[in-house]
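Input: structures, listed below.
You will see chain A twice below: alongside chain B first, and alongside chain C after that.
For the complex of A and B:
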């Protein structure tokens, strides 16, 4: 516990910039994971507990693709597409069978996948910590803003995540496909009665959510070390994010992710041992004040 | 209403099961078997207490381990730092968790479905963080070290392994019987009505919030007994007792065993313990094996094993009636 260190940091511009950079990349990665999670919940009403495993798989796929191709762009795209297809298979062969069953049965299936994927990663990539290292393209000196240090890759990552956020927003609000997806979220029976294949939409949303998690894993690969089980902590954090923002709300996920990112980066300075506690405290407070999350609507009937 | 008859048959069943379990030490000296039953008693109490909320109250708590861990820590700390006898420390732990349940429940039970789940999870992780951070009191991530003293009381010496075994069996049966009786009472019927339609219950003049809160406190108190038993068994308390994986395990036990049969969670607890023990002994890929078993269960039965058995039994009976 060292609140004075936090106050000291808040009074210096360089420290604020540095921590802001860290907070924003954490928030960006969290947003990508949480956006998929909240989309899947919003459309299917399924809480995908296996989402952390999607992220983990993305990081490992990106690592292998990078080692094979030497290109970081290829690696990230491979991670997105690879995990997207994995999400599709997961939905078609497993989740689809338990839509009609108890919600807790869905949870059980996801839990099984989490357990299995951790061991599958252990078998293919080993149990020890792996790291990708910074790709050559980003091996340049960091940016100095107001005396604070921001690595080039951080700026790239934040920009990439924000572009994806913008694309996602355009996709959902401006296209016909987005409209269909929103319709299926609001009233699946009516939507399918109007001749729209909702089963296909469900599969698509799962694949898309998986792709976002895969992209997040790929983008995280240069700045995070990888180990089986790395999905757990990001899963818990993205749950906090989606709940804070309001389950099913993509813009809520963005707000929640940035908030949690900042709490983490600044919290580490003041309360290094209690960072996790701080995040949960934020969640408790927000849920007490706004039971449906910051941007959540009244829960579906 | 045949509630007195049900109670009598419940007591009969409990005493019968207790007699069989109590005879076990005379049949085998295998420590593995006795340890298994002690762990089963602890986790069975824990899972059944969660099922008060999940199965009978329709409230899926993801944070129930906060009371398991809370009970274990409160009991351990009382035994280590004060000289009170075991039953007093146990009551202290139950009281602590009851109070914690009152505070957390009062805030959580008004939330709907998934938000309730995550708010309980948040409170649990908050407690877990406090346990990790407050090193001077709890020993941090090392857990409560130095062992928990087990002084004899009323001529019962829990330091003796066989005595601890009998104590665990008796305590387990007592808790199950207590939960069963409460769930069969008008309170239990009200709780089920609130689960099925909170609106209708409110219309009939029932204070929904209060009923849910009572159920939450009851479940908290009983979960703490499971924690106390585990603390007695391992002679310590560890942060993992209050971690979310522990809550996850409890949900897992309920689902495997079945929510709609009273004894389901205990069956689930024994299945999970059994799988864990077998898998740990036979393969290093623990998660892979357990995951495949879980998938088989979830996709094969689509409900708990006891629910599946009862459906099957009814189906056979019905086809028999037709003939």
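For the complex of A and C:
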């Protein structure tokens, strides 16, 4: 423990900027993964334990698309669309069949997909770790703001994640499609009684959740090495985020992800050996004080 | 009940018929080829079991180990084996889990009939395999664990166990001496460390810093960070390093973790005006994946075809690359060397008996592409590998990657290692 170092950091503008930037970057990627996870849970009521594999697939698809096209934008779009399509197939052929089954059956199906996806990645991309490298457009010195360091790519990444968060919010709250999705989440029986194809909504939400995870994987590809099984650790952190923010709440996911990011960035200064512990401590505290999470609602019947 | 019995009958008849037919066909084939029954026993293969990690995040290390061991086995078999007896290498996946490594090792001995184990496990699994081998009294050669205690601690040592792998304390001595020299030349006093938070990371870092300070009294370690193993995002670790304002950073991160750390550090300009000492950098798996190797990056050689400079090493790497379409890694040369020792022991003792092989291996020296001077020795005192090519140097982004390696001095290593053993109570 080094609380003095934390106090020193909090009294220095450069340290605050650097650590704030770090918190935002960690939180941004986490948000993209956790948003898909919580969206699927909010609408379908199922926990997609295979969501980490979606993120992994996004990173690998982005790598291949980048190698083929040389364009990072194409790579990220390919990752989003590719994993979105995979999510659609996953929902239509597998998850749809276990919606009414108990959570253990759903866990089993998802875990099988995790293992299969790890092996598929091994077959197509190999067992060794791979790295995309930083696209030329972002190979520039970091920005210095008030003496703090913010890498150019991370500034772009934070902007991209926040734009996606804004679009998601607009989509869910300001469009007819969003209203239909929320209606299906609130009362699927009544929604289908009104002539709305809830099955189609479920498939669409799963595909959209997958797309968000794929985008996160694609955006992370330049800075994180890829290997089979890489989705596991981000899945655990995404669960923490969704629990903190409230299961099913997209805005909760944003708040939870940023909170985790800031805990990590400032925690490493003051409590370098207890950063992981701080994350779980925050989760426990929130579970005790607000069992439904910061922005979660009462669980549906 | 009677229905079941009746239904089983055709099954049994068919199985018996098949077994009989197979036996007859086998006997006929052997007879027609002129093999007398006794030669079956003489040609019984020499079975060697090899638990290693073939799945999970470090599967490429186990794959490289298997490839290299198999390449040497094929050489031995092609040269006629032991009077016609060939080596059968049975490789099993431990998934990187110690309990699975122990189970697989036991099964290789009790079910597959192996008398010899090549233990290609990381340190956590190696200790488990070591205990299985000790329990069952079989010959074991550890080929991947670098934890010094495995062979340095007399409580763990047996007449039947050997280590054919680099050792942590050797790397620490050479790395410490090299880094202290660079620190003096460049006046690097403020140091920080960034290593994975588990036994290997903690021990290796402590040993390196111990020798760094021993060789250069001006060194001050102003901070340390311990990312967890397989951490995806190093941002908070990197910014912590930035806040500490060190002049030099030491790390024993490895594999994909090291690649991610360097890629992420580069965009923070962490390495600007800093020297970075990463012991595990000079291995092709990392070198080929880091897109921009920053200046001022120093490493110990893990495996490089350019070091040792002997033509035999270069040729071995090219043969491996041609065969497996990939470059060999650190675990590869260590496993190749273990098979080279084993086959030399088989030839020397003219036997596949594991006790005779252990006697032959005790203090054995062989010609090898991986030796500092073309030779490798399994030291008699503690059954560990010495005289292997060991160097540190500054890296560049293309072959030969380490243009001016500074080779380790094995006399100095031996002296300092002996003192270290005394301090640890191992001698």
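To be clear about the criterion, the second predicted complex is superposed on the first by the 296 of 301 C-alpha atoms of A that agree within 3 Å, B and C clash if a C-alpha of one lies under 4 Å from a C-alpha of the other, contacts with A are read in each partner's own complex, and residues count from 1 in each chain.
Heads up, the rule we're going with is that a contact is a pair of C-beta atoms (placed from the backbone, for glycine too) under 8 Å apart; a residue touches a chain by one contact, two chains touch by 3 or more.
What you are looking at is a predicted structure, and each value in this text was computed from that prediction instead of being measured.
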{"item": "Partner chain(s) touched by A:264 [first = chain B, second = chain C, both, neither]", "value": "second"}
{"item": "Touched partner set for A:236, first chain B, second chain C, both or neither", "value": "first"}
{"item": "Touching partner for A:111 - first (chain B), second (chain C), both, neither", "value": "first"}
{"item": "First, second, both or neither for A:47, with chain B first and chain C second", "value": "first"}
{"item": "Touching partner for A:281 - first (chain B), second (chain C), both, neither", "value": "first"}
{"item": "Partner chain(s) touched by A:122 [first = chain B, second = chain C, both, neither]", "value": "both"}
{"item": "Partner chain in contact with A:19 - chain B first, chain C second, else both or neither", "value": "second"}
{"item": "Which of chain B and chain C A:130 touches, first, second, both or neither", "value": "second"}
{"item": "Contacts of A:273 with chain B and chain C, given as first, second, both or neither", "value": "both"}
{"item": "Chain B and chain C contact sites that coincide on chain A, given as residue numbers", "value": "122, 273, 276"}
{"item": "Residue ranges of chain C touching chain A (in the complex, touch as defined)", "value": "54-57, 59-60, 63, 224-226, 228, 230-233, 235-240, 242-243, 255-257, 259-260, 263-264, 266-269, 285, 289-292"}
{"item": "Chain B contact footprint on chain A (complex, rising order)", "value": "1, 41, 47, 94, 97-98, 101-105, 107-109, 111-116, 118-120, 122-123, 236, 239-240, 243, 247, 273-274, 276-277, 280-281, 283-284, 287-288, 291-293, 299"}
{"item": "Touch list for chain B against partner chain A, complex", "value": "54, 60, 107, 110-115, 118-119, 121-123, 125-126, 128-130, 132-133, 244, 248, 251-252, 254-255, 259, 285-288, 290-292, 294-295, 297-299, 302-303"}
{"item": "Chain A to chain C touching residues, read off their complex", "value": "5, 9, 15, 18-19, 21-23, 25-26, 29, 122, 126-131, 133-134, 138-139, 141-142, 149, 151-154, 220, 222-230, 233-234, 264-265, 267-269, 272-273, 275-276"}
